[in-house]
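Chains here go by letter, A, B, C and D, matching the order in which they are written, and residues are numbered from 1 within each.
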Amino acid sequence: MLEVNGLVKRFGGFTAVNNVSFRVDQGEILGLIGPNGSGKSTIFNMLSGTLAPTSGSILFAGHEIAGLAPHRIINRGIGRTFQIPRPFRRLTIFENVALAGFYGQGRRSRIKAEEAAERSLAMVGLPTDRHASVDGLGAAGLKKLELAKALATAPKLLLADESLGGLDEAEMDQAADMLRNIRDELGVTIIWVEHIMGVLMRVVDRVMVLDHGEKISEGLPSAVAGDPRVIEVYLGTDAETTQAAAAEARRRAGG
Amino acid sequence: MQALLDVFDIYLLEAVINGILLGGVLALLALGLNLIFGVIDVTWICYAELVMIGMYAMYFMVQYYGVSYFVAAPLTILLVALLGAALHYLVIAPLLTAPPINQLLATGGVLFVLQSFATVAFGIDFRNLGIRLPVLAFGDMNFSYARLLSFVAALVGMVAVYLFMTRTFTGTAIRAISQDRQIMALMGVDAKRIYLITSALGGALAGLAACLLVLQYDVHPFVGLSFGPITFLICVLGGLGNFIGGFIAAFLFAEIISLGGLFSDLEWGYVLAFAFFIVMMFIRPAGLLARRR
Amino acid sequence: MLELRTVNAGYGTFPALFDLDLDVKAGEAVGVIGPNGAGKTTLMRVISGLIRPARGSIKMEGVDVVATPAHKIVSLGIAHVPENRRLFPQLTVDDNLKMGAFLKEARDHYAERLEVVFGLFPRLKERRHQMAGTMSGGEQQMCAIGRALMSNPKLLLLDEPSAGLAPVVVQQVFELVKRIRASGLTVLIVEQNVQQVLKVVDRAYLIEAGTIRASGTSAEMLASDTVKEAYLGV
Amino acid sequence: MMGRGRLAAWGLGLAALAALPFVYRDPYHLHILVLILIWSFAYTSWSMMGRFGLVSLGHGGFMGIGAYVTALLWNHLGLSPWIGIPISMAAAGALALIVGYPCFRFRITGHYFVLVTLALSGIVLQVITATRDYTGGSLGYTPNRTSGNKLLALQFDDKTTWYLIALAVWLFGIVVWHWVDRSMARYALEAISEDEDAAAAAGVDVTAEKLKITLLSALMTALAGAIYCQYQMFITPDTVSGIAVSLQMVFAAIVGGLFVSLGPTVGAIITILLAETLRIGFGTQAVGWDNLVYGVLLVLFIIFLPKGILGSLLDRLKPQRKVPRAHEQEAVQVVRPGA
């Protein structure tokens, strides 16, 4: 459903994303990983329209969307969450989600927006009370609100940016389950950027690894975890230990 | 016909040169605003009103108490510098954690205060120093000494700021803070102190501008309105906080005003400058010197 | 020398560190490793006062760091080389170093300190009039470390010195760290590059999701399964 | 949203206000009331965008255009204000769009936006002064008195008529305020004022939403200018345009309270009564004193009472609603880990 070809983004002389191509199939959860500054966020920002690509094409459901304004992309069915939750604190929880339901779906209907808000809030397990203030939410609640906002836009593809950061272990598992539920129950395709590898590897169907703006590996979680280039990026550059770690990782993945 | 053309060219050239001379003072004002914005991240809407107060100080010292111009000038610069520091200490510092818009509006309140203070204290009469500097005739062109002097003094003022900014630890910190505010504490820099120094420096530049403008223009409580807006446009076009951008934009605007004024009133020059500004926003929205993304 | 007890910190309502204990003794080099987003950078920022802990205590040679204003922490002898170097890109190398010596005490010894830094990094002397932002990544890292050394610190905090650098340069950076160690400075270094960092430090902490998961000598950490699991999730 | 009791209170209050001139006829007091109503409408118009963090100092310009274009069309072309007012509003709206579009499209916000709009009202003032052959420059301008149909010329000698017109216009402003307040557009604009990227990520067309509210606000402000001109029958650049008028709008809105519908009205009552009191108290020496007090109060308000008198009062009355507004939120420096 999403096909990205030769995506490039330069900031001045710095190339943040260099010729990255990939595809995501309907109903899939793709994990997107890589060290800090490897270009994950830049790719997300281009997919969601926050940044216009320097070159390359992004085909979504057969249509070119590269360089479209964010609100147009949302209306076509790509929703996103932010790494650090960005709630609108001057609106109530319900209003936050209703807003996304109203403007995010293309067809503008207040009634439908409020229905979407109720559904989305229920889906992530937040109260549907119309007067509850955002200020009462903790880290986990804010993450849920991010997700509810994205869901209210009725996305076909969800870009989830580090949904686990700032959560404790139980909350992390809960969040991971939620992502899987969204895929299983709503049929939403998901691209998931994450740092917490353990949880990510358990949930995703496929992983893509970025380093210095380039794709260095892609495939099943077990295969990627054993890829020497990935281990090098994550653990360091010492040749002997890298080999050892790779062997170790392969052994574990196999077993 | 030929004679007519010649005269026209001469006037044009005169306007161009007058534009450059005007540009010097505008650049000085833009530098002061940019300095404050770059360091403290706040815009003093009342900047031109500080200049107005400085002009009154000059007027009263020179005209009323008979102080020599060259003694009065440094005193005025000092006075407006103190005013700038006081403005920061009393109005901006309590609002440092408030949204920037509140800081901006508070300086709008100060604009009201300064204007009405001047009205109450000095009345709404137009006043001038009564110094009439000779006019320099060059070929068929006439340039007032006042403008030449202002231009030179403005340049000297800017060079002095440049030296301060490049040669001293404090000056270096002022340049550094506008590039990365968050890590200043790691350098052991107390940002609050730098803010106060910068405010005084911005005030001093307004004071210098006052000493120069009072040679050319009458002072009245609303004189700030005639060059305040244009200074803001210059800063926005050059990119707020961008010294070089502000410098270039100042001369650009000065030329437009001067040449626009050649064909009509000075006010139309301002209108032309604003129209130019709107057009530039479409072409270079992030400011004159910004790199296009 | 440095002592952290039950430190909790975060950004707004977003917690990043939970009940963290950590010690650095004089003369030691200590590493903090852990995956992205584990809270390593937050830890560094808390020590140097860029963010204030919500709870817990931080002592530098017995002095309460939490009660010290952020800009005075440098004068306790803590110099922080921030993540991504954070040079002033449009200042020259000289001016960047000058900023490092802004403190009154450092200013008085400006010329001497400059000699020391240029002695450690001769390359900086060649580049002293160049804009810091135009140098290569490795040179920028040198400049950032040099800037921190200008204040004549007792403890150097290094935040991900190898991040974003090409592999060859990473080697050079760790050479620099070794050289700094040799000069007798105490170092606390945060790194993702586990293999490299464990070669230059005496001890290390593994931090994950804002808490310490493991700690031990470099050799112990190298052999640890917990470390590999934290990084690769398998 | 609005309870039955509140609706009844509004109805009762309005009936009392409408009946007032038939019971109480002191011309001076009616004059003050008319001024308060017209300026309240202007301040309400400003606060329509001001409450969403779109701090415009260009509204003096819009008001000046409303007043001067209407008067010029009447005097020079004999065009009735009934046609002239829509034209003047359209002119102000067009200017708002021309300046607003690049600002919003290219994300000129905060300081930049304030400065650009500030320059706008400065320039409108300059133009009025520069075209002194037509506008009378800084000396002021008077629409020609009609000898014919007063309704057509929108000129009435009778204070009661003006009072009722001003009341209707003011009520119109309040209704529009509530209409926006209850619309989805408010959600969008609140979201935009907090975080444009996040608003866009929720599907909001940021540029379009901002332009809409700016246009509405400019049109209403121009109407206020035109009504003011028809009532006073004398305008000067300083009283209806320029930076001072723009700041006066901001000040009144802030004093009264930006975030409640009657805030700007309360602001108008306070500022106009203050000005009148000072004017009477100081006699001819009042020139400047009222503004001096204004300015000092504005600064004090921003520092100590950013929610305004009415806003703070309402907050105290109903402490359960503790959603912080942008102007009082602590600026938490969000340093993104790992960005």
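Here, a residue touches a chain if its C-beta (ideal position, glycine included) is under 8 Å from a C-beta of that chain, and two chains touch if they have at least 3 such contacts.
Going by UniProt, the chains are A = ABC transporter ATP-binding protein; B, D = Branched-chain amino acid ABC transporter permease; C = Branched-chain amino acid ABC transporter ATP-binding protein.
Predicted, not measured: the structure shown is a model, and the values here were computed from it.
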item: Longest centre-to-centre distance from chain D, chain (CA-based); value: C
item: Chain pair showing more contacts of the two, B-C and A-C; value: A-C
item: Computed distance of Cα centres, chain C from chain B, in Å; value: 43
item: Chain C-chain D separation of Cα centroids, rounded to whole Å; value: 54
item: For chain A paired with chain C, centre-to-centre distance based on mean C-alpha positions, whole Å; value: 31
item: Gap in Å, rounded to a whole number, between the CA centres of chain B and chain A; value: 49
item: Touching two or more other chains - residue numbers and ranges from chain C; value: 11, 16, 36-37, 50
item: Junction residues of chain D - those touching two or more other chains; value: 326, 329, 334-338
item: Contacts with two or more other chains, residues of chain A listed in rising order; value: 36, 84, 165, 195
item: Interface residues, chain C side, partner chain B - complex; value: 48-50, 69-75, 79-80, 82, 86, 88-91, 95, 98-103, 106-107, 147-148, 151
item: Residue ranges of chain C in contact with chain A within the complex; value: 10-11, 13-16, 35-38, 84, 160, 163-164, 167, 170-171, 192-197, 199, 209, 222, 228-234
item: Residue ranges of chain A in contact with chain D within the complex; value: 36, 41, 48-50, 69-71, 74-75, 79-80, 82-84, 86-92, 95-96, 98-100, 102-106, 108, 110, 113, 133-135, 149-150, 153, 165, 195
item: Chain D residues within the chain A interface of the complex; value: 184, 187-188, 190-191, 193-195, 197-206, 322-326, 329, 334, 336-339
item: Touching residues on chain D, where the partner in the complex is chain B; value: 53, 55, 57, 98-99, 102-103, 105-108, 110-112, 114-116, 118-120, 122-123, 125-127, 129-130, 242-244, 247, 250-251, 254, 287-292, 294-299, 302-303, 306, 326-327, 329-331, 333, 335
